[in-house]
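Structure first, then comments.
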Amino acid sequence: MKLTLKIWRQANSEAKGNMITYPIDGVDGDMSFLEMMDIVNEGLINKGEEPVEFDHDCREGICGACSMMINGQPHGPQRLTTTCQLHMRKFNDGDTITIEPWRAAGFPVIKDLIVDRSSFDRIQQAGAYVSVNTSGNTQDANSIPVEKAKADEAFHSATCIGCGACVAACKNASAMLFTSAKVSQYALLPQGEVEATDRVMNMVRQMDMEGFGNCTNTGACMIECPKGIKLENIARMNREYLKAETLG
Amino acid sequence: MSVLDSKVPKGPLAEKWVNHKNHINLVNPANKRNIDVIVVGTGLAGGAAAATLAELGYNVKTFCYNDSPRRAHSIAAQGGINAAKNYQGDGDSNFRLFYDTIKGGDYRSREANVHRLAEVSGNIIDQCVAQGVPFAREYGGLLDNRSFGGVLVSRTFYAAGQTGQQLLLGAYSALNRQINRGKVTPFNRHEMLDLVKVDGKARGIIARNLVTGEIERHGAHAVVIASGGYGNVFFLSTNAMGSNVMAAWRTHRRGAHFANPCYTQIHPTCIPVSGEHQSKLTLMSESLRNDGRIWVPKNIEDAKAIQEGRLKGVDLKEEDRDYYLERRYPAFGNLVPRDVASRAAKERCDAGYGVNKTGQAVYLDFAASFLRYGKIEALTSGHKDASEAEIIALGKKVIENKYGNLFDMYRNITDENPYEMPMKIYPAVHYTMGGLWVDYNLQTTVPGCFAAGEANFSDHGANRLGASALMQGLADGYFVLPYTIGDYLANEIRTGAISTETAEFDQAEKDTRARIEKLMNGAGVHSVDYYHKKLGLIMWNKCGMSRNEADLKSAMNEIAELRADFWKNVKVPGSADTKNQELEKAGRVADFLELGELFAKDALDRNESCGGHFREEYQTEEGEALRDDVNFAYVSAWEYNENPRDAKLHKEGLVFENVELKTRSYK
Amino acid sequence: MSALVKSSLARKWVMALSGLFLVVFLTQHFVINITSVFAPDTFNEISHFMGYNPMVQFIAQPILIIGLIVHFIMGIVLELKNRSARPIKYAKFSGNANSQWVSRNMIITGLVVLAFLGLHMYDFWAEEIGYKYISANPEDPTRYYEELVHKFAPFWRTIIYVIANVLLAMHLWHGFNSSFQSMGAKAINKGDGLRKFTYAWSVIIPAGFIFIALFHHFSHS
């Protein structure tokens, strides 16, 4: 199939970028979106131009590196799918596809479609852990029973791959789905309870410092999340935060 | 040729590790504050090691090429992690885990290391649970286990189909805690380009900031390489696109021996290659083999018809199908270990029985399981006279509950519905057992340079059992390396801060810059991927699932020629002082082009078949692997000597005092 | 307090609580007004009570005004902050693919409702203040119904009331259930009972106001 791509090109974080149009031919439905981008790049390299840079690594939908706004939706039109797992059969011959980087003050562009998501790391550094030493001398694993329903819920919150689609989709570029998923994972487990107060306060403070917007409950994040992280996590974080603020 | 000393402590097997820990040198806490350690790679092994080292009091710098440690490819492991907890009371023990691992590795690993791995396996689970890793649980609130990869006990802990991600996030959280305390300084989007040695000891690295292109010097009292495996030498593999051998290979070039490069694990249940554009292969959990039956057509005409699209596999009559694993290995059937299953698939496809247009695929069929589970489901739900269609529908539900996410993934990638048509699978490169040679302390042959996780030649011998990679990465990172490194660092307390303003750093930086310069100034004929794909084809065709002398010799020559052509004609657009993914790739492929040749040389040297290494000349009459314990019960450790083909072989003899060497039989 | 409002989550709480308070007020307002349709005398009685009871006048009314102002100012502050969280806009943004228009445009529905409130305050509240405190007229417990009917006589004003209430409904459609989510109410994610209730309420109350406006317009023209 033949496609027209409109791709954001930006030489570095300081440069002014713009959309450039690239026609492409010979796209096969079995290709993943990134394999289609590989072909674009192979063509550019052969012409002596700089290829389009984009983050990607595992190409299995689990590392969370890939991050493209495709036709106005993070990771493209298919639900519960990362860009690397999006296949070209979802598009039609003759389509025009707009490809942009995540846009958020908390995710400055590094080059082309690559953004700096270190803000997510810093939010986690602020408290997304249990402060146990890695000595291996903790109590036996089965001495901490966890109700299965809670364990499953914590697991579901923990499936977040940190790709940033929630921020990209949100009209306010809010990072609350991400932050709340991390808060929830620990809030739901007995291991995390001890530090719950400090954790939620510190993580929310860091999230705010990174320049993300506020949540206005549009729910776009949940719909666009490739792992289906639920809005319920945000409610839980709000609750945890209130508890921390009022009860200390 | 010299004989390497692995420094395995004396004493009975089960007491070696405890005794060793009791007697090695320790660094006092006040001194640890003055000691810097560099950790390259932040996956399970690197992340865990960095966190623990920082916790012990050392100053740690971590390096990873990704934007965050959370993206390391440890994340992609699906199935689980082994631990000899014996929670199921099915007779598991440290010894059994040790024995299974030694046997699974085809008796090509070091007894003492493997036993240590088994000893600390239980601590890993305790540690991870304490950190809040959400393992699967039973209704009683205790941890669930499953059996995995053809062993006789249930010792695999798991978190749905993403155990790797959950364990990595656990290690990453421990790392984050230390970053927050200021004990770890992370250098993300950085790539190690060289190891710097001063007076024969590892004293730092040269790294490139991948965002700005700056070349940086980092000094330390010790360097830990935990940069993963080199499966991407095959171009197509289940590794992440960025996974590479650079850190390990640069270390090798600076004097660390590279061990057993030819031991590669080819995983049997991957989605077949669909076309030329393919950039990577996707693995589906081996657990599918618990319920799927593997087959190809019995008659070559049917196979042809299927390849040409004239016939559908699902329409083939039962008696026209060849369930070749069940036929060849009646005892283990579809659950034979990975190397055996992979080779058997290749054998059938090479004989012309493959079932997709390329002829490189076999069926993994769940029809029998639909019926089997459907019947149970119908009976237990009181539906005594269910029709076959109803039974199949019920069975599909059961399978969906067990493997729904895998079936969805298959459907998304192939656009075929695996509930209606049998899946097609083919083996793919998955894991490399070879790597930097290390002694019992995980130290390489360069003093002060250590290697952990998949990057070292490790504990898996010639073949790795399922759910053991995560175990080894975390064992090395959390519980082995942080202590054994102290034995070395105890002698470094008087060294003082490591200056990077020395002649050695000057030289290393100069070498690095020259290399980048050379890459940027190729004649500009072919892209990096062009070379990588060519290398991959040579590796797959001649150094893949089965190898022979003639092919290996020609592979060595072809790779040497390709490497020369690469350095002359490679095309790297853009500039070196900015983000430049082509330059990053070029540096990695340049190293693969050297490693590939050593790989072939190692395979050529090993005149036996063992584990993932199958030499066509060395097989039984039935086509099974023929090991040669008399002549090859050793680790091949190669010393760098300019040209890979001139690498010098050192041997570490493997002594088995606690297990009897047997022929692995799954018949 | 200022530290509290600096946090994004605390701001959510402020929006949610002031919003919920306004929903309660609206409900109360509606209950009083609907009496004008079938019991003008009752309407007069309640209106008189509301207009002259000191508790209502000097405690409830200022709280209401503060609540309104807080909701409005915080809404504007959040909107500006949220806009600055994405300094460079997307060339293409498919919001409709993942969220409701009303949820993304609370500022529009909110500002329209606010503009309408200006007219509304001028119509009733300013006149009332003028009647009571500036002209210092004597108490007349029977005047309210007539005033109400009189207001809805002109067609233009009735239409504005109708439009404003449609936008109010849109604002409530997202805002009402959203406030429970913001406060972390477990009920909003357990089944969809509470959510359905908020949707129903968001339609019923403004529809009721529209009915009252139309009723008086047509029955007295």
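First chain written, first letter: the chains are A, B and C, and each begins at residue 1.
As a convention for this text, contacts are C-beta pairs under 8 Å (C-beta built on N, C-alpha and C of every residue); 3 or more make two chains touch, one makes a residue touch a chain.
The chain lineup, named per UniProt: A = Succinate dehydrogenase / fumarate reductase iron-sulfur subunit; B = succinate dehydrogenase; C = Succinate dehydrogenase / fumarate reductase cytochrome b subunit.
Since the structure is predicted, the reported quantities are computational estimates derived from the model, not experimental observations.
Here the chain at the heart of the shown protein, by mean C-alpha position, is A.
The chain pair A-C and the chain pair A-B differ in C-beta contact count, and the higher one is A-B. Spacing of chain B (succinate dehydrogenase) relative to chain C, judged by their CA centroids, is 62 angstrom. With centres set at the average Cα position, the gap from chain A to chain C is 37 Å. Averaged C-alpha coordinates put the centre of chain A at 26 Å from the centre of chain B (succinate dehydrogenase).
Residues of chain B (succinate dehydrogenase) in contact with two or more other chains: none. Chain A makes touch with chain B (succinate dehydrogenase) in their complex at residues 11-12, 28-32, 34-35, 38-39, 42, 44-46, 48-51, 53, 55-65, 81, 85, 87, 89, 110-111, 114, 116-118, 120-121, 124-142, 144-148, 151-152, 154-155, 158-159, 161-162, 185-186, 189, 191-192. The residues of chain B (succinate dehydrogenase) lying in touch with chain A in their complex are 48, 51-52, 55, 66-73, 75-76, 85, 87, 120, 123-132, 134-143, 159-160, 162, 164-166, 169, 172-174, 176-177, 179-180, 186, 188, 211, 238, 240-242, 274-275, 277-280, 282-283, 409, 412-415, 478-479, 524, 527, 529, 571, 573-574, 578-579, 581-582. Chain A makes touch with chain C in their complex at residues 6, 8, 19, 69, 71-73, 77, 98, 100, 103-106, 169, 171-174, 176, 204-205, 207-208, 211-220, 223-224, 230-232, 234-242, 245.
If you check the complex, the residues on chain C that touch chain A are 4, 6-13, 78, 81-95, 97-100, 103-104, 106, 174, 178, 181-186, 188-189.
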